[in-house]
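There are structures below to look over.
What follows is a pair of complexes built around chain A, which joins chain B in one and chain C in the other.
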Partner chain A sequence: MIYNILFLTLVGGIPYYLILEKIPAIKSKHIFLLSAFLLLSTIILSAYVPNEHKTSLVIVSLVSSLFTIYKATKTTNFYKLAYYFLFVNAPFFVLYEGESALYSLSLLLSLLGLYWIGRFYERNYGSANYRYITGITLVRPYIGTYLTFYLIAIALYPPFPNSLFFLKYILGSESNLLWFGVVITLFFGNFFLAMNVMKKTLFGRPNSHIHYVHMTAREKMPHILIIGMLLLFSVFGLKEILL
Partner chain B sequence: MEKIILLIPGIPIIIAFLLFFIRKKELIPKVSIMLSSMIALLALYGTYYVISNDTQIVGFDGLLVYNELSAILVPYVAILGLVIRKYATKYMWDEAGYRRFFILLNFIFASIYLFVMSNNLIVLALAWQLLSISLYLLVSFNVGSNTAVKNAKWVMIIHKAADLVFIIAIILTYQTFGSFDLTELSAKWLSMAHTPVDNPMIFVIGLLFLIAAMMKSAIMPFHIWLPYTSEAPTPVSAVMHAGVVNVGGILLNKLAFLLILAPAVLNIAFVVGLVTAIMASLIMLTVSDIKRSLGYSTVGQMGYMIMEIGLGAFSLAIYHLIVHGIFKATLFLESGALIKLARHDSNLPKRLTYELFWEEKIKPKGKKLFNYLAFFAILPVVAFVGIKMVLTDDFFELNASIIILAFAWLTGTQLFLSFFKVSKADSLKVIFALVSSFVIILFTYEFIGLALEHFIYGENAALFYKAATFNVTTIMSLVMLAAIMAVGWLFMYTQHFVKVLKSDKKQDSLKWSFYKFLAKEGYFFNVIETLKGNKK
Partner chain C sequence: MSIIEKLNAVKSTVPHYWPIGSFIHHNPLKGFEDMHFKDALVKAQSIFGGKAYMDSSYYKDLYKEGKINDSIFEKNIEKVLADRGFNIPLEFAKKFLMEVSPQWSSLRVELLSKQEKIDNGLYAFLQEHSLYSDEKAWLAELIKHMTLYEINDALFGLDNKDGIEKSIIEFISRFLDEDQTTMHMPNRDLGMFEVFKLFEDVNYTKDAESFVEEAFKELQVQDIESYFLTHLLKLHGWAGFIKYRSEDPDNVSQQEYPSQLIDYMAIRLYYELKAVKSNKISTFKIFEAYADANLSDVILQLLKHKNMLFGIALDELEDNEETSKVLADHVTNELHLDALQIQHSNEVLQSQLPLTELSIILDKLREEEGYIWLKSLEDSYISHYVDEVINVVPVEEKAIASATFCLDVRSEVMRRSIESLGAYETYGAGGFLGLPIAFVEFDKAHELFLAPAIIKPQNVVFELPIEAHEEYSSKKGMNKTTKKVLSDLKNNPYTPYIMVEAIGWIFGITLFGKTFSPIKTNKFFSKMKPNKPKTTYTLDKLSADEIEFYVKKLHTKIIHTVLDEYDKRNCSEDNVENLRKHLLFNNELQHDLPQSLIEGLKTSYQITPEDYEYQKKKLAMVGFTLEEKVSYLYKYLTMIGQVDNFPEFIAIIGHGSVSDNNPFESALDCGACGGNISLPNTRALCMIANTPDVREKMKEKGINLPENTRFIPGLHITSTDEIKFYDTDILNDEQSKKFSKIGDDFNEASQLSRVERSQTLPFSKTKEEMLIKSMDWSETRPEWGLARNMGVFAGPRAYTKHLELNNRFFMHSYDYKVDNDNADILRAIFDGPLVVGEWINLEHYFSTVDNHVYGAGSKVYHNIVSKVGVFSGNYSDLKIGLPIQSVFLEGEAYHEPVRLISFIEAPLEMVGKAVENSIAKEFILNEWIRPIIIDREAKKVYSYENGEFIVIKEI
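== the complex of A and B ==
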């Protein structure tokens, strides 16, 4: 039971909203790094401590996920969005726990990409807020491509590993009402949030008041690495799901 | 050696990858066309191999198959892809994102090939989803336009819902039949077809697959994504109307043996197809935007296609989607070319159709309703009956699916007439052209369509007709045919010959309400606005 509560605290979101978001000294990018670290720890921990999830915990995390989706629609900040995506997927981590390690890792990788894009925005446009940085696809196609890849991965589309592992787990599991609730929430929650970001920053007319900055070769490196890793994961995911 | 054909879905992905690194703009279409020609050649070789050896090419641990269905569809998609790429070379040249366009185009073709050639439900699901995301990125290609992005949102929402329904259907299929392999499943379904089956889960699975197909094929009430994608570049419209919307029909063909076990699903397919065909054909005639009119025309044709499936005429649906695809792609590509030419020359560019039919005639109008109805309604029926009587002795046991084909032809001709303004064209020539096209369609169906049925399903084709318990009798078919023709031509007539009412004259309220209902596309967007609370 204690383990379950700990698990929920690590991935459930609400404690962050109640405590961390209220402390001005802690910035959203720190919250993402902290929550990503905690999720990673939980994945490792769950591999060593076999544990059965409680239905009540799945329900609590599902409610937390729905609340997070609501909160995420209100933000236009990449850092915040990165950790919101973690919390949106919390019911999946709780429901599939040890088995969801590969999905969690793929998600973490995609969110890391989003985090790096946020860092690029912060360095060049003053903050990780993308509200007025519109039409990236047209003016900076490389950044547009990276961002498109991350968002497609998060929105659970193939050939990215998130979708493959998600599909693998749901195909092999027993379905019940709660299962349907979790699957539908995640399937559409991730999708709507990712599409929202696409609409707001990838699409739209370029903002004439902003000087759009190119990525340097050095800045491109983390993205190329992340996308390369995602594709490697995809190959593994395809093998897992098909063979 | 023949296994190389199974690499077809991977080639467009390789092209997309290569295009990412090509610096010279001129090389982008060249590489794309050259390598897609290879796909077309491979596809033709594959078809030759399948026909000459009377066998299937299976590979990748049974995940992909080049069977009879692929042998027909893959060359069609490959040649269509080649034409569209060639067309887009110049058409898209001045657009921002030329490289992006070709990359996305290759992805969408990869997903269509994968879909057609998949022999496993999971591969099918992956191709199904890849198609959704590629389509979204292509429809919103003009990212600077708010309306294009907004309309693309509708595409995405409906396709995402289709993805979910599809995934749930394959989960239930696996739980019920214990396999994802389509060959294995088809054999199992076929063996079950010989004995009565009483498992409600089969109905649920069949229904879910039908709903997913309806969503992707823009069948009512999921049609709304298709007519509103007119801001997409013309080559994208051609891909959508000639390729993407057909996947619903292809899916149902792949699952044909499952649907034998669920006749109720076939009946539902027939009814929704019928409603879609009638409603979309009527809306097509009332909407004021020509591109939206074309969109509704495609929705209507998809309705016919689903109706054909509902009647058990699975192979006819394949024949229909190919013929319709060629027709609609030509229409879109020609309209795009016309627009481009018109930008340089203020006079309408003269095309073959223009020179043949367009002769300005000032004639007294308004008193020829009977003559026109007689010509346009009776002549096709006479031709139809004549051909059927020549070809088959037992005319009165005619295959109801032929009627559906006739509906399709009629809608096409209505569109044709809307497009070329029959009231001002040389009517006799037009009538001759339309009746000839009808005769050609019927003859090609009789000879090619039936050969196609034998090629794809062999002796099993009879099982589908037996399973389709919704019997459309000859009389019912003819009544429906006549009703649709009469309504269609009446609309045509009122559109071109009836004088517009002056403000002091009051329109008949029932007629007016019906017209408003159609012109406002069933008040769909009004309902959405009301739900959003934005009603002005």
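== the complex of A and C ==
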């Protein structure tokens, strides 16, 4: 029981919304870092401590996921969006636990990319909010490319690793009503949220009220690294599916 | 003032949009030409938004490259300082323009994250003088040019706009369709608003004007003119096209399916009313009350909607902070940044001025900087070229041949190359050669107006075959049928589903062929194309009897066909003639025919007395009288100053461009021929000039064309720089041999021209690569076209022959000594070529300074709509201006936006007379071009600035 509660606390959104978001001193980027760290810990923990999930736990996390999707449609801040995406996918972690490690890792990597773009925005535009930084692909194609990469990976587009691992797990498991609920929620939730971000910031007319900043070579490094790792994951994912 | 008058008062703001099939370059700010260029740009910016000049960093780079002369730059700064009464040293202003202004926007971004101490006095000053201090005024500024449905969208996060604009575009693109679809909208002949009522099932019996009036009342609009403008600006491409159609009495589509701007406004207002009825704010009165009660929130939501709210404020809004606090934080933040910008600028400028005074001066300098830079760039070019041409002493040389090219900038390299290969002299003239014709090509049914868009041709020329053409006809028939079937299958809403499965693979052949082996594929398909037979033109007038004969023949044939279908037995020649006379002259009908048949002939086949007169009038326009031929030839020769010392061969070379999958192809053709290939004008003029009785008459006018002189027409393909000659069969054997050598020289000139042009055109270093560009369907830039145009030179070629002008000048030959005292020739140059040149130049200017507002965006997203233009994706405004690929290269401006620097070699007095009588007077005097007069008689060079001619150089 204690283990299950701990699991939900680690990967479900509700505690964060009820407690952490209410504390002004804790910013959204801290919440992302904390939740990402806890998820990583959970992945590691699951590898060593075998555990059977409780159906009630999956249901709670599914409700939390739906609530998070709603919350995610209301934000245009990359930091918030990063941890919302984690909580949207919470039922998957609960449902598959140790087996979902690769999906969780590739999702974490994609979200780390989003977080890094958020950092860049915060440093240069004062906030990680992307709402007024429109048409980025046209004016800053490098940033546009990185962002596209992360978002379509999150949106479960093949052959990006998230989609491959997602596919592998759902094909390898038995289906039931809850399974359908989780898969459909995750599939459409991830897709529509990511597409919504793409529509708002990647495309459209660049905002004439702001001066778009270039990324320095140093700032590009983490993104190149993350994309490189995602590509490696893709190769691995393809191998997993095909073999 | 009636509703229509109010609409008319603002519609000039929207420029004409000509259909893309005959692309007419135009000044997007034509409606502002009654104002000085600089003032007009300020006004246009307040209406359209966007930029009017390039960024200062762009000009700074040109300065570094040496294109902007330092002393000229300083002189222009000094002038502005003196004119505006700024009591600051030149060095200070220059430092601001050079070092502070280019960093102005990026500095603001850098300061965002800095917490620095702000000068309190400066902050208070900025606060007092900012718009933020008066929230009502701020709100008024924010809702300027916003419709009520947009206000609802902004305040309540709705999405009315997308749906409304989509519905409007869907309706008007179908109504205005010119045969792109195979399923036409029914009842279009009723007019736009009447059809709309049927389309939307609107139960409204009155006309569009009444509907608009009632809609304004319902919406409680205060300033109707302003609200008209607001609506016109939403889709100003479509509005411009409707305006163009409604103002062209000869537009066939408009005659058949009438549309007026008031119809368009009624449609827009219908959708607006429909949307806002279910919104919280359904009238402007309600909005006023709502705004009064929730001012901070309204301002915040509008700022958010317009993307003017910073991320920090957006975050606060997401966190449900109180709106008054968020707005106050936003204002503080903005003022903080304003103050920091000034403080940091002062660190660079090291000014001793109080910061508040500095802030005022920097503001005003920023208002002026665009014009200072632009004028300095233009003045630097003016100074350079004046120095280059004033000391030239022309050398007379007997030419073996002369060649007249279009004044188009793309002729310059070709002319220079030809001149370098022997004793050739070249001339430049407007591509229509002063011969405006309505041309009906062989095997085509419609007229092409081959003249500048402002001239309506009065002479019709038909192209007729002079040799057998059975093979042509059969191939043409076959191709036409195949094309029609494919087009019908493709444009029908249902058939593409089956078509892709069944015959989609056929398109794969062209897809792979054109992609991997364009030259071979092109050769293969060109074999299937029918070869046009040799043709001639109808240049002589028809006699009255001939006209009568042709009209009678046409009507008789129609009546015969109809009567034959009705009753073969009654279809005798007498009956047909009797019926014709009955229909046209109201003669008594001698046999019984149903009234429906007679009415059908009148209405469906237009066999009426009016049509009879119309047909006669049209046929009377065919060809030229001898006097007209002489007059046109005389005007042409005197216009370019070629009045004596005629060589044996006089080539007159038109131009056109070849490219594939390019909706903007006609933009690359001859602008002086209404965006068409100018070969027919050159052939017609050469045929006229080679006629013996014309030459006889020319002698009476003092121009003696030697008997052995031959005018040969040619065509310059600008995308490949090839030149092809036509009608050479008029040459005798000896002349053919001589001309063959000249042809070789022209081929060599083509090669030289290609080599020079390939230096600037990306990925085209060889002739083959240039050829591929002209047939590559993925090529967005088959040639640079008129990009980088910067000036006009109207004068004898001898003064510019030594200069490499790099295809940047329109070159019109002109000799003021041939002109009369009224300067009629110069006036004609102003009225035609200069007007076209100004349109081309300013279209390039504005498409470069702000392609989003005045240009057509990227070609990659374009789709042809209604066969009248292109839009982005599957619906958008009709794209005006030039695509980004025509003026930009890899994100950097390729076109250098300057006003047309117009060098005119003539005495000042003559130029004054020509300007006074010209239709170009308004834009010349308002400095939309830069006139430079080289008066060799007075030994002075003048520039027209601030309402007067000033001497800029003594010769």
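Note that in this section the second predicted complex is superposed on the first by the 243 of 243 C-alpha atoms of A that agree within 3 Å, B and C clash if a C-alpha of one lies under 4 Å from a C-alpha of the other, contacts with A are read in each partner's own complex, and residues count from 1 in each chain.
Keep in mind that, in the parts below, a contact is a pair of C-beta atoms (placed from the backbone, for glycine too) under 8 Å apart; a residue touches a chain by one contact, two chains touch by 3 or more.
Everything numeric in this text was worked out from a predicted model, so none of it was measured.
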item	value
Chain C versus chain B on the shared chain A, clash or fit after superposition	clash
First, second, both or neither for A:T76, with chain B first and chain C second	second
Which of chain B and chain C A:Y132 touches, first, second, both or neither	second
Touching partner for A:Y121 - first (chain B), second (chain C), both, neither	second
Which of chain B and chain C A:F67 touches, first, second, both or neither	neither
Partner chain(s) touched by A:R205 [first = chain B, second = chain C, both, neither]	both
First (chain B), second (chain C), both or neither touched by A:L167	first
Clash-bearing segment of chain C relative to chain B, given 92-100, 344-352, 506-514 or 740-748	506-514
Shared chain A surface residues [contacts with chain B and with chain C]	205-206
Chain A - residues contacting chain C, complex	74-77, 80, 121-134, 205-211, 213
Chain A residues within the chain B interface of the complex	135, 137-138, 141, 148, 152, 155, 157-159, 163-164, 167, 170-171, 175, 184, 187-188, 191, 195, 199, 202-206, 241-243
In the complex with chain A, residue positions of chain B that touch it	61, 63, 96-97, 99-100, 120, 122-123, 125-126, 129-130, 132-133, 137, 140, 143-144, 146, 149, 153, 156, 160, 163-164, 167, 170-171, 174-175
Residues of chain C that touch chain A when the two form their complex	49-51, 105-106, 108-109, 112-113, 304, 307-312, 314-315, 318, 852
